[in-house]
Amino acid sequence: MAQLIWNGLFVGSFYALVALGYSMVYGIMKLLNFAHGDIYMLGAFTGFAILGAVGGVSPGMALPVLLGVLVVTMGVTGLSGVVLERVAYRPLRSAPRLSLLITAVGASFALEYGMRAAAGADPRVYPLRLGGTTVELLGARITLQQVALIIVAIALMAGLNVLVTRTREGRAMRAIALDPRTAALMGINVNAVISRTFFLGSALAGAAGVMAGAYYGKVDFLMGFLIGLKAFTSAVIGGIGNITGTMLGGLLLGLLESFGTYWLGGEWRDVFAFGVLILFLTVRPTGLLGERVTERV
Amino acid sequence: MTAPAPAPAPARPRRGTALGRATSRLFDSRWAGLAGLAIAVLAPFVIATPYALSVMTSAAIFVMLASGLNIVVGFCGLLDLGYVAFFAVGAYTSGVLSTRLGLPLVATVPAVIAVTVVAGIVIGAPTLRLRSDYLAIVTLGFGEIIRITANNLDVTGGPSGIYGIPGLTGSPVVFYYLVVVVVSVAVIGASRLGRSRLGRAWRFVREDEDAAEAMGVHTYRVKLAAYIAGAVWGGLAGVLFAAQLSAISPGSFTFLQSALVLMAVVLGGMGSTPGVVIGAIVISLLPEVLRDLADYRFFAFGVLLILVMLVRPQGLWPHRSREAGS
Amino acid sequence: MGRSRISVIAAMLAAASLLTAGCGQGLLDGGSNSGGDEGPITLGMLIPQSGSEAAIGPYMKNAAQLAVDEINGKGGVLGRKLELKVADDACDAQTAVAGANKLVTEGIKVSVGGYCSGATLPTLPVFGKANIPMIIPAANSQELVDQHLKHVFLINGTGTQQATAAMAWMTKQGATSVALVHDNTSYSKDIAVRTQKLLDEAGGPETAILEAVTPKESDYSANIHNILAKKPDFVYWTGYFQEGGLIIRQLRQAGYKGSVMVGDGAVSEKLAEIAGGDAAEGVYATMTQTPETLQGAEAWIAAYKKKFNADPGPYSNQAYDGVRLAAEAITKAGSTDGDKVIAALEAVDGFPMFSGPLKFTADHTLSTGGFQILVVKSGKFALQDALK
């Protein structure tokens, strides 16, 4: 039981990290950024390239080196997110909302198959891996590396939460989310804030990519697709646009999958997870923490 | 950061000169439709290789899918990310009945319609009270549930699916013309539905659900009707799909397929019948045109999609409402 | 508005005319247009180059190209050069049918592709109608065999043969409780279910659990929790190396000490690399004969590496053999006529392939799968037991 919960939480924290970018972008632009999962993939490959360039690292230095790679990668993917928004989304901001969906899927294809052209279709393996020192806690086997990753994830999410709820920047984001036109009239530079939102969301996805690469080891050009879907699901469970809700949504999805596998077997896991999701949404149509809003006033 | 959706007011270019008006009348749906039909009918006289026929048949089936989804998304404004579920239900129903019971494919059509209507109600009834993006994730979930179920059950042939489905005709040329006829009827039917009393209710719901409700439109029932219509269209497209391929497997009904159909609708111009037809043709033919790029095929596809949308943000052939000032 | 629509239509017409320009292939132009008896003999190969299985495509394409070049280097077939045409099936039925029709239109004489069963099945009637023999190098689901089509030949071992080999080795190893893990694709599930049937019928090892994982994910801890709860002493993974490496790693991390065996789709050096460290050391595999385990095959691997600057991978040797077999059959038939090539394929006896001397059964499958047991030694697969 403890093991099931731990497995679910660990996987769920990855979902949450990726889902945050989804949720922030959605909150501010009402855009389903299908390319977000591919930013995660881009992060994993960026980390892979940096580690390859750095060369051999002694095992004792693994964690500090990885943290350094993590920071650099977050910068790189953050900037790619900004570029993505500038090229594919900003010119369409006055177009019907779903037009953005096309450019998002287009960007997703371009990123996936561009990476395939650059790095090949074969999976790549991280040169530096977080091994496994196992400890038993309440009957669950936990590796210290998992704990380290979860701490990093929590730190990133907590930082984001402070940024959104406590700073001027965060207030500007929330203002745009509520009403972009009024926000602009009140002197907020909407374009700059949206750019920064993309930077933050993409940086978090990139961080998740490096963490996945370092922990699981295998990276490939399609690795972002499935986790992108799951991040979207997590964001909706939590109440899309709501930061805390999204984090809870990610963890909840991880737990659903863990228990679904246990109860029904791997074959029916996703049926279970989606089934619960649908039932849940029919009872609580705005997700865990989403506010009930009227869409048009 | 939850927020009401800011309804973006699309800037609609003003109608231009008299010449412009004349040409736009020329390219009104009816004439465009006839021209499109003529192209479809004449195409095999230009090129009738097995490859061309197979690609054109697939494109026509894809047009049918897109026109079905257009009822749901374009007319009624319900974002559906799992439309392929109905496609799968149709294909599997006809496939299972024809191979297990030995029925000819045509005989399975009534069953397909019945089953897809039920599927539309089952999926629609609990979810249509949800709004926009919550609806999107729920439909996505249903799409995945249908695919995984088909993958896990024995009656659907498990992961390798059903093979040996009888075709509708022996000759690919005849089959192509049959598909063109069925798809034309479907496209015209969808367009008619969109202009009917029900269609006006759909558009009302799309533009402002609360106002529609206040004006006495039974929004729930109207939305369910859109859903069921979309389901039947998708299911019948599934029958054609099964007839064309003779073998179906869960791999054809992934989320990506749903996304592609949705892209066809949006790319062409939501709610616009000729637009959706063009969008579907572009989405299904473009990867084939780009086939010779081999490894760069989907990279080019992605870049082109972005470029097209940047040039024509409202879609290739946007819907133009007859009511002024929409 | 009107003008921009005109431009849309103009663009579409231009595209359409580009597509059709110069083709005298309409309905009124009469039928036959496929390649004549001049010029190179074309072989067609449908493989995934995009989509979820895109990684496999290059292994098969390169190996087939290697065979074509070698044969052409020796003067070709019937005095004509061979030419390989590759089409993407994306592991998707509709793309595969379009690709198959494209190959038929391009006048191929023999099809030497087919990897995903779900994408290969709908292409059978396409090639059948054109009377083009199919030598299928990888796809091996039972549905391909059950239709008893005369133009379809499988040169990969079948699921039953692989399951029998797995069963023999598990018995020999004295396993008592076996966990069968598959990825819910037809290839993988087929082997797992057939192995389960064998385990249930015979005495000896028992099935502890039949577990399915979702491919393309990273974390399989939930599945592994299920597996370990049944306390198996033998785990048999029947999917591919991408997930296999992760599963082996995560099994070991979770404290599993028993034996692990993988199916032929997981036989790649990447398996050990993904598993990391020495996690994959001592992992067994059921595999047809591979270049690595054949004497004198070092030269083949070296040639492949030299040409493509990459290692051969899953189904490289079958793809290579498929092309060679096609060339042999055309030579024996003395013609590229479909019926004659099919007759020549049925008559093949003792043709040397990586999987051993070839003779087709009445079902057009390999008479013996030629499966043997490999083991991972310092990161590479080496022969453990030939199961003779």
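Think of it as A, B and C in the order they're written, each chain with its own count starting at 1.
Keep in mind that, in the parts below, a contact is a pair of C-beta atoms (placed from the backbone, for glycine too) under 8 Å apart; a residue touches a chain by one contact, two chains touch by 3 or more.
Per UniProt, the chains are A, B = Branched-chain amino acid ABC transporter permease; C = Branched-chain amino acid ABC transporter substrate-binding protein.
A quick note: this is a predicted structure, and the numbers were derived from the prediction, not measured.
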item	value
Dominant chain pairing [most C-beta pairs in contact]	A-B
Most distant chain from chain B by Cα centroid	C
Chain centre separation in whole Å, for chain C relative to chain B (CA means)	34
CA centroid of chain A to CA centroid of chain C, Å	35
For chain B, residues contacting two or more additional chains	151-152, 295, 297-298
Per-residue overlap in chain A, given as positions that touch at least 2 other chains	113, 116, 121, 267, 270
Numbers and ranges of chain C residues touching at least 2 other chains	50, 184
In the complex with chain A, residue positions of chain B that touch it	1-11, 73, 79, 126-127, 129-134, 136-138, 140-142, 144-145, 148-149, 151-152, 208-210, 255, 259, 262-263, 266-267, 270, 295-299, 301-306, 308-310, 313-315
Footprint of chain B on chain A - complex, ascending	23-24, 26-28, 30, 32, 34, 87-88, 91-99, 101-103, 105-114, 116-117, 121, 164, 173-174, 177-181, 229, 232-233, 236, 239-243, 267-268, 270-271, 274-275, 277-278, 281-282, 285-287, 290-291, 293-297
Chain A residues touching chain C - in the complex, by the definition given at the top	3-4, 7-8, 10-11, 14, 113, 116, 120-123, 125, 129, 131-132, 134, 141, 143, 212, 216-218, 220-223, 225-226, 257-258, 261-262, 265-267, 269-270
Complex contacts: residues of chain C adjacent to chain B	1-6, 8-9, 12, 15-16, 19-20, 23, 25-29, 33, 49-50, 86-88, 91-95, 97-99, 101-102, 104-106, 116-119, 121-122, 124-126, 130, 141, 143, 147, 184-186, 189-190
Chain B to chain C touching residues, read off their complex	13, 15-16, 19-24, 26-27, 39, 43-55, 58, 151-152, 157-161, 163-164, 173, 241, 244-252, 278, 281, 287-289, 291, 294-295, 297-298, 312, 316-317, 320
